[in-house]
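Below is one structure, written out as C-alpha cells; comments come after it.
Each chain carries a letter (A, B and C) given by its place in the written order, and its residues are counted from 1.
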Amino acid sequence: MNGSLEVSELLHALFLVGIVAEAMTAALAAGKREMDWLGVAMLGCVTALGGGSTRDVVLGHYPLTWVAHPYYLLLTSGAALLTIAIARYMHRLRNIFLFLDAVGLVVFTVIGCNVAIGLNLPVVIIIASGMITGCVGGVLRDILCNSIPLLFRAELYATVSILTGLLYIGGLHMQWHHDLVMAAAMIFGLTLRLLALRYGWSMPKFIYGGNIH
Amino acid sequence: MNGSLEVSELLHALFLVGIVAEAMTAALAAGKREMDWLGVAMLGCVTALGGGSTRDVVLGHYPLTWVAHPYYLLLTSGAALLTIAIARYMHRLRNIFLFLDAVGLVVFTVIGCNVAIGLNLPVVIIIASGMITGCVGGVLRDILCNSIPLLFRAELYATVSILTGLLYIGGLHMQWHHDLVMAAAMIFGLTLRLLALRYGWSMPKFIYGGNIH
Amino acid sequence: MNGSLEVSELLHALFLVGIVAEAMTAALAAGKREMDWLGVAMLGCVTALGGGSTRDVVLGHYPLTWVAHPYYLLLTSGAALLTIAIARYMHRLRNIFLFLDAVGLVVFTVIGCNVAIGLNLPVVIIIASGMITGCVGGVLRDILCNSIPLLFRAELYATVSILTGLLYIGGLHMQWHHDLVMAAAMIFGLTLRLLALRYGWSMPKFIYGGNIH
C-alpha cells in the first residue's frame, strides 16, 4: 500500500487493460448465445466490473468502483461492442487475449487484496477479497450465459488468484519492498496461469455419481 | 425531483401497478417450470422487487424499498398467488399484461433515475440506475428459471429503459418542467416498447461461431 | 434476544453443525458436476454462508458474518474438501445428513430472525430475514450448478422456514420465555421438515402450459 506513484499508475493502466480484455472475451461468449448488441455491452460490463463490485458489496466498501468512475462503464461496453466489429479476426488474436485475460486476473487479485488491506481485514479475508475480485466476473458471465461456471473447472484460474494473493501478503508481511513484492506476486501468478494454459494443468476433479437427495 | 405532489402520487400508483404486473408474469414463468406455490410467490417478489433491490445494494442506498415498505412483499406474493387461480384466463389478458409490463418498465426506469439523482450521481450512473431498476428483476427471474436472460435478446427492453432515462435526464437538464419531462419520457418509452412488441423490432444480434477458450 | 448465555452458545454450536452439513451436501452437488477441488471448496463456502451473506447485504448489516469470523471460510471449505475423501461412504450417512441439513435450516432461520429483530425491523421483514438466511444458500448452490433451484420445488423447505419464523416471533410477541420459544419453534420446524422428507409432503405445484410472451 506504500507503493510508489509510478507503480500505482502502472497498476491502474494494467487494470484498464484487464477490464477491456475481460469485456472483449465476454462479448464473444455473448455472441455464442446470440445476444443482441445491448446484451453484448451489458455482459461486457458485468464480466469486467462484476468481480470488483461483488467485493465492494460484500465488504461494504462504497461507492463501487464504476459508480465513482462511470467511464469504466463506457470503456467496457465500448470494448464489448468493438468486439462485434472485429470478431472475425479474434481467433488470430486468441493467444493475445488469453495473455491479457491472465494479466487481468493477477492485477484484479492484487487490487482486491489492497482493498481488504486498506480496510484492516484479516489475512483470510484479504485472500478471499483478491479471489472475488479476480474470479467473480467470469462466474457472473457464465451464470448469465446459463453455463456452469468455468471457474469451478478451469485451468488453475482461482488457484492462480489464491497463490498470487498469498505471495503478495506473505511478502508484505516480511516487510519486503512493496513494489518488488507486488511485481513478484503478479509475475509468478501470470507465469503459472500461462503454464497451466500451455500444458493443460488443472486441479484434480471430484466426480461423484451417487444420489444427493 | 421537484414534481408536484399529485404527480408523485400518480408515479407511486403506477409503481404499484408495475410490481403487480411483473409479479403476475413471473408467476406464469414459475408455472412453466412447475414450481410449488411458495416458489411462485417468491419468484413473484424477486422479479417485481429485485431490480430496485439490486440498484439500492449497488448504490449503497439503504434501507431497500421493500424493507422500508414490507407490504410490497405481501402485495407481490399475493399477486403471484392470485395468478395461479386465474391462470386459465391469462392468455386472454395477454395484451393487457404486456401493456402493464411496459408501464412498469418505464415507471421503474424513472424511479431508478430519481434515486440516483437524489444521490447526486453523474449522468452515466443515473441512466444505469434507471436501467438496473427497470430490467434486473426480469434477469433474476430468468436466472432462477434457469434460462438465458430474455433481456439480452428481447424486443428493445433495455433499449427502451436507456432511451427513457436519457430523455428524462435531458429534459431535466434543459430545466423544462419536471412533470412534463417525466410524462414525455414515459410516454415515449411506453410507445416505443409497444411498437417494438407490435412490429417485432429488436436490436441486431451478434452471432459468433468461433472458439472462445 | 434475551436468551441465556448457555442457549446462545448452544445456538452457535448448532450453527457450526449447520454450516458444516450444508458445505458437505454442497460438495456432493459439486461432485455431480465434476468440479475441481477448489470449485468444491468454493461451492461449499457459498452454500453454507451465502444465505446469511445475502441477508446481511440486503439489510445493510455489516460486516458480514464470515468477514468478522474468517475461520468460517476455513471450516466450510475444509468440510467440503473432507467430503471428497469420504464420498464413498456418504450414501450410508444420507439420513444423518438430511437430519443435519434440517437442523441447519431451523437454526439459520432463527439466527436470521434475530438479526432482523436486532435491527428493529417489522414482522414481515423478520420472517423474510429468517427465510433468506435459511434458504438462499441452497438457491445459490443450484444456480452455480446450473439447476432450477430445488427450493422452489422441494419438500416444504421454505415453508418450514416461514412457519418456524412465525412461531418464534409469535411466541416472543406473547412474551413467553425466550429460550423456550426458540426451542419450541426449532423443534416444530425440525419435526415438520423430517415428516415432509419421510412422507414426501410437498406444497401443491403450479403447472402452466400456456405462452408467457
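Side notes on the structure shown:
By definition in this document, contacts are C-beta pairs under 8 Å (C-beta built on N, C-alpha and C of every residue); 3 or more make two chains touch, one makes a residue touch a chain.
Because the structure is a prediction, the values reported are computed rather than measured.
Rotation relating chain A to chain B, from a C-alpha superposition: 120°, rounded in steps of 5. Interface residue usage between chain A and chain C, two copies of one sequence, is largely distinct: under half of the residue numbers at the contact are used by both copies.
For this pair, chain A with chain B, the centres built from the Cα atoms lie 30 Å apart. Mean C-alpha positions place chain A and chain C at a centre distance of 30 Å. The set of chain B residues touching two or more other chains comprises 57, 60, 143, 146, 154. Within the complex formed with chain B, the chain C residues making contact are 57-60, 121-125, 128, 139, 143, 146-149, 151-153, 158-159, 162, 202-213.
Contacts from chain A toward chain B in the complex involve residues 25, 27-40, 42-43, 53, 57, 62-64, 67, 70-71, 73-74, 84, 87, 90-91, 94, 143-146, 150, 154.
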